[in-house]
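Structures are listed in the sections that come next.
First chain A sits with chain B, and in the next complex the same chain sits with chain C.
Moving on to the complex of A and B:
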């Protein structure tokens, strides 16, 4: 009974009517029934869209991963059940494990760089004067607003082998001879560029969110710690960090999820023809399904990818629900 | 703690004069660092805009021209006269406006249910809403493609939905805009004190009247923030549009931008002009709502 009680105004009005005549009470019951149905009616359209376009494909993805689904099956609109053969074939594929390792390592590097740099910039925002702070925040928002495809095109232009500003600057700084240096000839430097591109694009969100969190840390706590003689680093580690932990958990799990499925940066930068040295899990799944029409294999790779991201998702969900309960 | 103070006892005499100067030097150092970080972060954006206004011979020079000394609009002229630019702009506008309108209505209804009612299944739905945001789009593309290609053969719906149909893309965008929109609007609705609504009801207004006069104006900013968020998401999306829209006349601006390479190689001037044009609406809207997006994602997290 109490679980069904609405939070809204009607509840309190209805409760005050409880003692009134029976004619009124009948009205109240009907009202009440409408009230029970109301939230479901309100949720139905959004739930339907999410169900049809997310839940059903999710189920399809898992089903397809157990099927032979090639061009022939695509035309027939029907896959052929082959059990775990797709999984057996990817797990026995050395290429697959290289791709997994590459994706995990790439995600780890990108996420840690993003978190460290973003937090450092947030702390820097506390130290600078007002004018610099406004300029820096505006700059961060400007970077944040760049559509990914635009960002990719900008970086492609900056590291262009012939007229790119990066090669010229590095040569002038005597880092080495970068005249006509092709950054993507070697996957290590290529992934270096992708790391910079992704971290550059992800820093603003982390920096601004952490800064917003820092602004909520009670000033008295920091002052008390300082009076007790704690050094700035100790204040940060012992006071600020624990208070901001929920924000860090959310930001880290979101970053892991975003970086783990990296696709468009690599795909567009390399003109939709990345060599296998540049395959990440998302690209490998895409390549298996859309380029060699092995949709079943692609689905199996995608399922493994979802499982990898599941841990990060769980952590994120727990923290968000905890935060949501504060309201 | 006390041991720390014992180890580093502060000398009393110089403290009076020194810290002010030292503090000023330190402040200047922080400011300098802030300016450097600003320049590094903003440089790529500046470089895009600067290149967009440079004539060709200044772009293709081995020594970079840091400032466009001979500004020209010819790159913008070239970009907008590229094949399919206007088709793409039109498609982007259609997709974005429908996604914004639909997601706003659907998300508002759902948020109302989540914020103002207690009912069985409320918590699972919240978990679903949050969990759905984590589903990798790249993974779902495969079954979605199979689904949409099936719809192409279904009479009646195949004008709107299916592969190479804007309707299909709109439906897919809706799903990844909706969860965030519901979550944000729920936060805004929770922020409305229920005493306000109640007092309106005591004054003799109906529930609907209270909704229109009290609730709607109060969540107005939330609706604006949500619609702008939906706008940005739908405008920036690439993978779905790229996989599902084959005909050049049907592609959106991001697909157009990504396929901007001529046979002679990349034409950097017009490309940067096109990129500038494509990011302009997003920049404007982002500057309008940046705070709300940052807070919306982690609202209440510090207190928790």
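Moving on to the complex of A and C:
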């Protein structure tokens, strides 16, 4: 160190002239200072990254949500302050509340299905042979690694109005006449397709993470429960589930965040022109911003959306902190 | 300890939330290059006109390159907004004539002097009007288009249709004959009419004397729920129900209707002049259809008259952000001169000048569209109109009608209310 830093070497020569006691005291304070500063220094890079990619855009978004920011303002790079008028406008908009309700319901369905199916597959992975497990895991990883746009294009072909393989298969299986069936003519079946697409894409992450968690459950606890006469469902509910609770909480919060802001899947599948029955909050915000050129309104919707998600995760955060205290 | 990990995980999650962003163009103007945004119709329909303009421009400015970037109608305004915000908009942009007023009103374009541009005394009036705001010029007319019925002569003959229909009721009756002859094939449409095809549907409305909106005392009012409009929309519903098997939730460009027609299971469709040659395209279409393809103006509900067609078209403008205004103007001059405009007309459009109209009338492939163009309608001239288009208001209404999600009356009422609100915003 001293070879690399000549100033340090000079300093240590100067130091030798101090008495032993003062040197000891200096060392002590220096050590303490380092002890206090080190965590902050270690946190600094992460804080800087978060500041650049999260805090600044958030600041701009919140700022814009209190401004009249249309095309006129966009060209001049300057918004006009209008207080909470944007918020008043969206809260009085019946369409907005329909969109909120639709988004919440859609998220609830997607997250529940993802968690249940993901956990079921994780449990299955524990039971099957090595070969099957590797095949299954490979499949899951392939799905997980597929870019969203590619996945949407594949699904789009499967449910294509004219050439969809889903239509062909269902017709061949005599489920009904699905020749030239338009899945998106009815928003219920349309959202059915989107639910399948989202859940399909989200299962791998949940399944693999829960599987990793299951592998950590002490075998003796499970055996003890079985010896005590617990049936498999009871073992899962009374032993496995409580042990894996932290994992489930994190997975559920992440899934809520991901599914609540679904955008590309609907946008790409419906040729970037979804009818209003397919608006989710993310699409509605985009629509207000980029299609109607009301960027202030769009920003207000986005802010409300972030608050919704923050509230959802806060509930879990509190629950977790409580759980942490007990342990 | 666990709680601390959770906080980290949540922070990571919040970062993920912020990751959705819109992409914009990155075309910072440099000396030695100008960037031109044209719609992909030029790429598909009249690439020769673009090449010609570039050659002429290059002869004038040997050290300046032209970077033509093709855009699609669905997303070009979004990209343009993002580029304006980022300060790197193109030097020349094509806009649909119904999209111009929103951007002119917001001050997005450089003001132009009319005299240097070719044929500026004989520009088509309809297009010239769309380039003006408060009496000032902000754009240069590029081309106009009119729609007519493009049809299969052989199928009409086999279905026993002796001459092209002269009234709307005849058109529907002929369509039913086609369905009888070919309709056993579940993929066949007598008229390919996708659910979101609002340009064609609104022609019905204007034919019956309806309008999308009217202006009274400075206020706009959506009028798609007028008795005339409702009557017209019921006719559109008949076409959806009995003459077409096109998807009720797609538009005329996804998939391209001319290419669907080229596949052979379509008797007719309402298309622009350029869609005729596009259907015969050697790579994408079917050149074998050349002897059996024809066109006629869409007939009105009044016998012997034509249904008004949307006077579509495009203009070229120079965004305020450009640093190369005179180069941009020179490129526009090269692209709207007689040579390039003749190429554009040859591809099935109506050139920007009345001087070249004879060209269309004398060509059997263009004449039906030129005749159709005599009766036309245009969208309400409000700066907010583009928001009605981009807000999918008309598409939402038509999809509701086509799929039976709402009655014609309920769908029209809801659309009218939205149109009234959007057109009066900020007024």
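By definition in this document, the second predicted complex is superposed on the first by the 260 of 327 C-alpha atoms of A that agree within 3 Å, B and C clash if a C-alpha of one lies under 4 Å from a C-alpha of the other, contacts with A are read in each partner's own complex, and residues count from 1 in each chain.
By definition in this document, contacts are C-beta pairs under 8 Å (C-beta built on N, C-alpha and C of every residue); 3 or more make two chains touch, one makes a residue touch a chain.
Quick caveat, the model's predicted, so the values are computed rather than measured.
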Contacts of A:57 with chain B and chain C, given as first, second, both or neither: both
First, second, both or neither for A:72, with chain B first and chain C second: second
First (chain B), second (chain C), both or neither touched by A:185: second
First, second, both or neither for A:173, with chain B first and chain C second: neither
First (chain B), second (chain C), both or neither touched by A:94: neither
Which of chain B and chain C A:292 touches, first, second, both or neither: second
Which of chain B and chain C A:257 touches, first, second, both or neither: both
Superposition-derived comparison: chain B or chain C, residues of chain A touched: B
Chain B versus chain C as contact partner of A:275, first or second or both or neither: second
Which superposed partner A:307 touches (first chain B, second chain C, both, neither): neither
On chain A, the residue positions that both chain B and chain C contact, one per complex: 50, 53-54, 57-58, 74, 77, 246, 250, 254, 257, 261, 263, 271, 282, 286, 290, 306, 309, 313, 317, 320-321, 323-324, 327
Chain A residues touching chain C - in the complex, by the definition given at the top: 50, 53-54, 57-58, 70-72, 74-77, 161-162, 179-180, 182, 184-186, 246, 249-250, 253-254, 257-258, 261, 263, 270-277, 282, 286-287, 290-293, 306, 309-310, 313, 317, 320-321, 323-324, 327
Residue numbers on chain C that touch chain A, as the complex places them: 1-3, 6-7, 9-11, 13-18, 20, 22, 74-75, 77-78, 81-82, 84-85, 87, 102-103, 105-108, 186-187, 196, 245, 247-251, 254, 320-321, 387, 390-392, 395-396, 399-400, 403, 405, 422, 426
Contacting residues of chain B [partner chain A, same complex]: 1-2, 4-5, 8, 27, 30-31, 33-35, 37-38, 41-42, 44-45, 47-48, 51, 59-64, 105-107, 109-110, 112-122, 125-132, 134-147, 149-150, 153, 171-172, 174-175, 178-179, 182, 187, 190, 194, 197-198, 201, 207, 210, 232, 235-236, 238-239, 243, 254, 257-258, 260-261, 266, 268, 271-272, 275, 278-279, 282-283, 285-287, 290-291, 294-295, 297-304
Chain B partner contacts - residues on chain A that touch it in the complex: 3-10, 12-13, 35-36, 38-40, 42-43, 45-47, 49-50, 53-54, 56-58, 60-61, 64, 69, 74, 77, 121, 124-125, 127-129, 132-133, 135-136, 138-158, 160, 163, 165, 168-169, 200, 203-205, 208-209, 212-213, 216-217, 228-231, 243-244, 246-247, 250-251, 254, 257, 260-261, 263-264, 268, 271, 282, 285-286, 289-290, 295, 298-299, 302-303, 305-306, 309, 312-313, 316-317, 319-327
